[in-house]
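In what follows, a structure is listed as structure tokens, so that the remarks can point back to it.
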């Protein structure tokens, strides 16, 4: 049984239909990436999974349970963490408070403290800044904080929305390394990236979205070698 | 595509421009010159102060110290609209169109500063106002044509596809008839095809005798079109030069590009 | 287009509804209807002022029923907005009377400030207006504080910020009458009472800054200081109804040596909340004084435990003390049995209505039994020579009553109620 | 400037000066309690909750029948049992106003959370009318005497000035509530959730925070404080009126902005400042201009320091 | 020039036609209704429609006010919670310069300028105050601007109330008592000449000093003023200026970077918006012949704002309908409801309800006590049902669909790092 199953969802913004029957599935332990151009519906797919934009039609199943239409906070509680586009760290709260809030759905106080230490070890730059407020961090640091925060809920599945957007090349490398590390520690990852080459380099499988529809899917290798993908998304 | 003559006059000169927010130095002592007619890129890691520098040049922020000279005139601390009048136009990192106005109206806003109809004309819809409207509309359509989205003229900006929104933003900037165009990450979120088209458009703009200053993370774009590059890190300039020189500069590699670039 | 049609529908419905009026008839007659407009504050915090006063008019109209074959009706409008009297609403109300050709006279308003806004409108229409309760001197006289009060040169109304009577009467002729006497007597009456009966010489004075409240506070102060007393602290509260804490003022007055407080204003402007807040700052025996604006049941409630010891003046005779008026009052109380139906201005408004009906009667006679014009009614008003619940009333050339009595009331007894304790007759001057 | 204006007054009659100071602080404490509700609600959903002042008045109105039910009448009840009963009554009222405010949020604001910004503002005004209308219908438009239940022995301060027991109670209660609230917001999980929701609603949801419940909790806490304020107001001034919340609420809101809207200590400070300005202006200057001073100071503060006295000085993005 | 937006040409033409028609339909209905209203009022009330006409004229004042506030709130997106202040300034300008009041001021000179000139003077004075208030405050972020305007709205009536007799600088405003006996308008000779009089009788004598003809005259006057205003505002909206207002509303930073002097544009919106209320205030003072500070309190500002929002911000016909609806509720429904209630009660045999007994003060007064509640309920229910207003502009409609709350406006003075 797949960890996450998205079954032909239609999602609207007002009257505008953003997704037309998108289906995908993710197995435990995988890194799956969604690639596509801007406006193709990648972020909408993520928001539909996490409950921010409930679908008008179709189902979302997580570990066999139907989570369609659940409120986002409930979805988090079930084990889906999300790093939203644009990082969205709490600017007026300290790094530690940000991490603390990441564990909001958990009640095991001591473990939370332990996890917090772990995150600070995972991201040494955050450790130096643990009592600084989020707004004073640089873009890369904020991205790390956002990832660390999402991990604090101990998600089974982590949704990452454009983690490299607007980051310097050197920072992009670091972030992708982090993604690999997290996955190796046992977190399944759904990754949205406009940097298709890098995304496919870390992913096991991928889906290509165009105008709200899945137009292609396959292993990362297969996609990397597909001429269509190469022409449209890899710029070769 | 012709490279500019080496001895073009300076169009924009930054002299020790510094911007601090509280204790945080966003831009520290930035100094460089842009020659008339060139395509000039500003790169650097996140938080290096690139957008802050743009905001400072276009008057959204007042610099804490330093001077900004545009076409020989000190424009430091002028209001944004004054700077736009003087001939600096820009786009934004996160697209900032007037979402609920048509593409045409977006461009016509760009022409605002070049219009002369007074309150009286507006209230009574005088002949002068009508004539001016017609002229402005015609030119706005030409600009939409120039960036290649004429067919979108009557659509709300927010309903345009992403790539067209980027183009519309450029059309709006061009409407104020600038001498210098500032582009803030124009290729962000674009696919390779769009990036190629964008590079062509930038060249086309430059061929209209408009100098271009851009911020961009995409090295293919930066290296592909810019003639000179300045690298900022933590608010300080760490390198300046032709793409080739910058690409191989060890400090740039360490602070910004990393091994893979 | 759906919405516009609904709106048109609403508009039509509104017009249809407008056809139902709220005039109440009394008696039967067939020559037509004559209406008496009544403008009083009838709702909210003003209920205790307006309703007993309105009852006086109702009672008089119901008693008479008709005059010379014309059916008599009263047509009452409320000049309170959100529960507080409002000059603009008053002006709109009298405009409505002016617009209605059957209205030959207006009783009201209650508040002098409202009267100032209304008189120009009724004056242009030559419509008689008679108030049971207005006391501000500048409605009829040019002098705000006469020499006789203060010992200083006259202060005229303009200097006090109020228009001259002639400014309110664009036609140049008078159309305004009243049965209460004026504040240049009401304030001094309390000053005389404080100095002679209460034997105090230092007071703090405040007002709600309205024409009425400031008027009595000023005339009180003039008389009080003129006769050797001292006003140790003076303050006006132009938004008194929104003030919840008067203790700063009371504290300052007490520190300055005040033995009592005079507050010119109405209970709807929190006058009697001031009394309650004197507790703990002044001794309980320290008097709290004011004008007719505090001689109300609401005031007793607001002052609560502090109510005993309040004194207020009313600028008319206390009808209940006149044996001649007993029959009328008893009849009224039989028709209006609730305690809250009767107030200090019930009999004055009853007399006002009787005076108007008499004038209309004379006008009909003068017009050969036909419906008189407003001007004809007006012409008859100045010839008034009427004896009623308040005693004898006639009008001087300004429209003021010649019956110049001010009664002092005190809150006392158990349960606490207002009782008249002294009357000052100033018919022959101060 | 204030020092220049007040110093000679203090020198000429120190006793009066201290007395006025006490009045100002006590009034300020009440403003502070109400301002907290404005500041919290604005902080979390950027809504000027015009109905909040009326929730405060409702607190006072709701306590009136409870006083009767507990057999507390003016002049007859005294002793420790009065205080115990009052604490119980205050607790019931706080619970009631809190619940009512949650209902108001549910009915009038939550459905409009994604509507144009002005729509909830208008419903807030509408709710204000509704609450005032209910109180008007219930008790009429005239001032209502609130039983005077607490003895007010005066305790000497300096220079012959005194402070009443009531003043002390008001001030202490306000300080305690502000401290409790600050600790709660900064330390507790729900408090952190409130701050997170205030900063980025969507991101907060992604942390697993139920923003509807968090916003409701904010309304609840704000109204609990307002309800307490209402009871204290009644006991202190012994007079309440259905439209009291409008004027007092406006000043409390001013206090919240003055201190830096969204900031708890700022609201308390702002309340204090407004109470003092009001007391001194009423006592020493034209009371007619008191409100003008208050609003003029508000405008000046905003023009020169747009985020208020203690406003956030942190980059927003 | 209208902003036609649609994906294909034919759809665009259809949409343009339709939307144009909608506004045109509303305008036509309103104008016809306005012209017929006096006759209808007269017929339905049996010749006593004067009061209705007069009330309708008062509603016209609010239409003017709503049109003016719509410029500030609807076009430029600036929340103004103190708009009544400008209304007050307009009314006092006329009141002071066309009554005897100033003879009691330190000037010792009264003025009686003609109404027709004062209309424009009041407009100018209000506009100037709009600019004076706007200049230092328009740089403020959205809600802070709203609060400052609220403060200004509170200060103005209080200052008018303070500057009466006994103020340190003398009596300039009549204080708490306001101004009474303000001059009615008088017509210039050529309009009142013999040809409009009894001999010809084509039109009723148009004479403001005649108290009987008065409501009709004022009604016609406000109708003319409203029509002129609609004309002017429509042109403004479709001009370079209207476009700039919209741009500032959408994105202030982008507008500034595109060369729009945002502060000047906002100032202009404030000023022009204020000028309409000056206009309205002058008329209001003349019609009532009295002006008092208590008629320009916060509640008035809020009421006008409600009219704008309820009608549909940014859409002129919508705003007019909003103003008429709220005026109808305020001046008519709520005023007459107690009477209807008590007459209905007596018709259906429940007359005992009309008697007061104990706590029950009679149905009439009990219903009157419900006014606040009813008005509040109407506001809440209407906003819940139609958050975008009755006739929203198309832009607002779309915004609502997407569910965007307006973004906080960027602070141009002190920014923050990227």
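Order as written gives the chain letters A, B, C, D and E; numbering starts at 1 within each chain.
Throughout what follows, contacts are C-beta pairs under 8 Å (C-beta built on N, C-alpha and C of every residue); 3 or more make two chains touch, one makes a residue touch a chain.
Remember, it's a predicted structure, so these values are computed and weren't measured experimentally.
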| item | value |
| --- | --- |
| Chain whose Cα centroid lies at the greatest distance from that of chain E | A |
| Chain whose mean Cα position lies farthest from chain D | B |
| Distance-to-centre winner among chains (Cα means, whole assembly as reference) | E |
| Gap in Å, rounded to a whole number, between the CA centres of chain C and chain B | 73 |
| Inter-chain centre distance, chain A versus chain B - centres from mean C-alpha coordinates, in Å | 32 |
| Euclidean distance of C-alpha centroids - chain B vs chain D, Å | 49 |
| Multi-partner residues of chain D (each touching 2 or more other chains) | 136, 140-141, 286, 288, 291, 315-317 |
| Where chain E touches two or more other chains at once, by residue number | 158, 161-162, 369, 372, 398-399, 402-403, 416-418 |
| Shared interface positions of chain B, touching two or more other chains | 21, 24, 47, 93 |
| Touch list for chain E against partner chain C, complex | 22, 25-26, 29, 33, 37, 40-41, 44-46, 48, 50-52, 54, 58, 99-101, 103-104, 158, 161-162, 164-166, 171, 174-178, 180-181, 209, 211-212, 214-215, 288-292, 294-295, 299, 321, 324-325, 328, 332-333, 336, 339-340, 342-343, 356, 361, 365, 368-369, 372, 390-391 |
| Residue numbers on chain B that touch chain E, as the complex places them | 21, 24, 26, 47, 49-52, 55, 58-61, 79-82, 84-85, 89-90, 92-93, 96-102, 105, 108-110, 112-115, 117, 119, 121-125, 129, 132-133, 136-137, 154-156, 158-159, 172-173, 175-176 |
| Touching residues (chain side chain C, partner chain D) in the complex | 43-45, 47-48, 82-83, 209, 235-239, 242-249, 251-252, 255, 267-268, 270, 272-273, 276-277, 279-280, 298, 301-305 |
| Complex interface listing, chain C residues touching chain E | 1, 3-4, 7-8, 10-12, 14-22, 42-43, 47, 78, 82, 86-88, 91-92, 95-96, 98-101, 113, 116-117, 119-121, 124-125, 158-164, 167-168, 170, 208-211, 214, 236, 238-239, 338 |
| Residues of chain A touching chain B in the complex | 37-39, 136, 138-140, 165-173, 194, 231-236 |
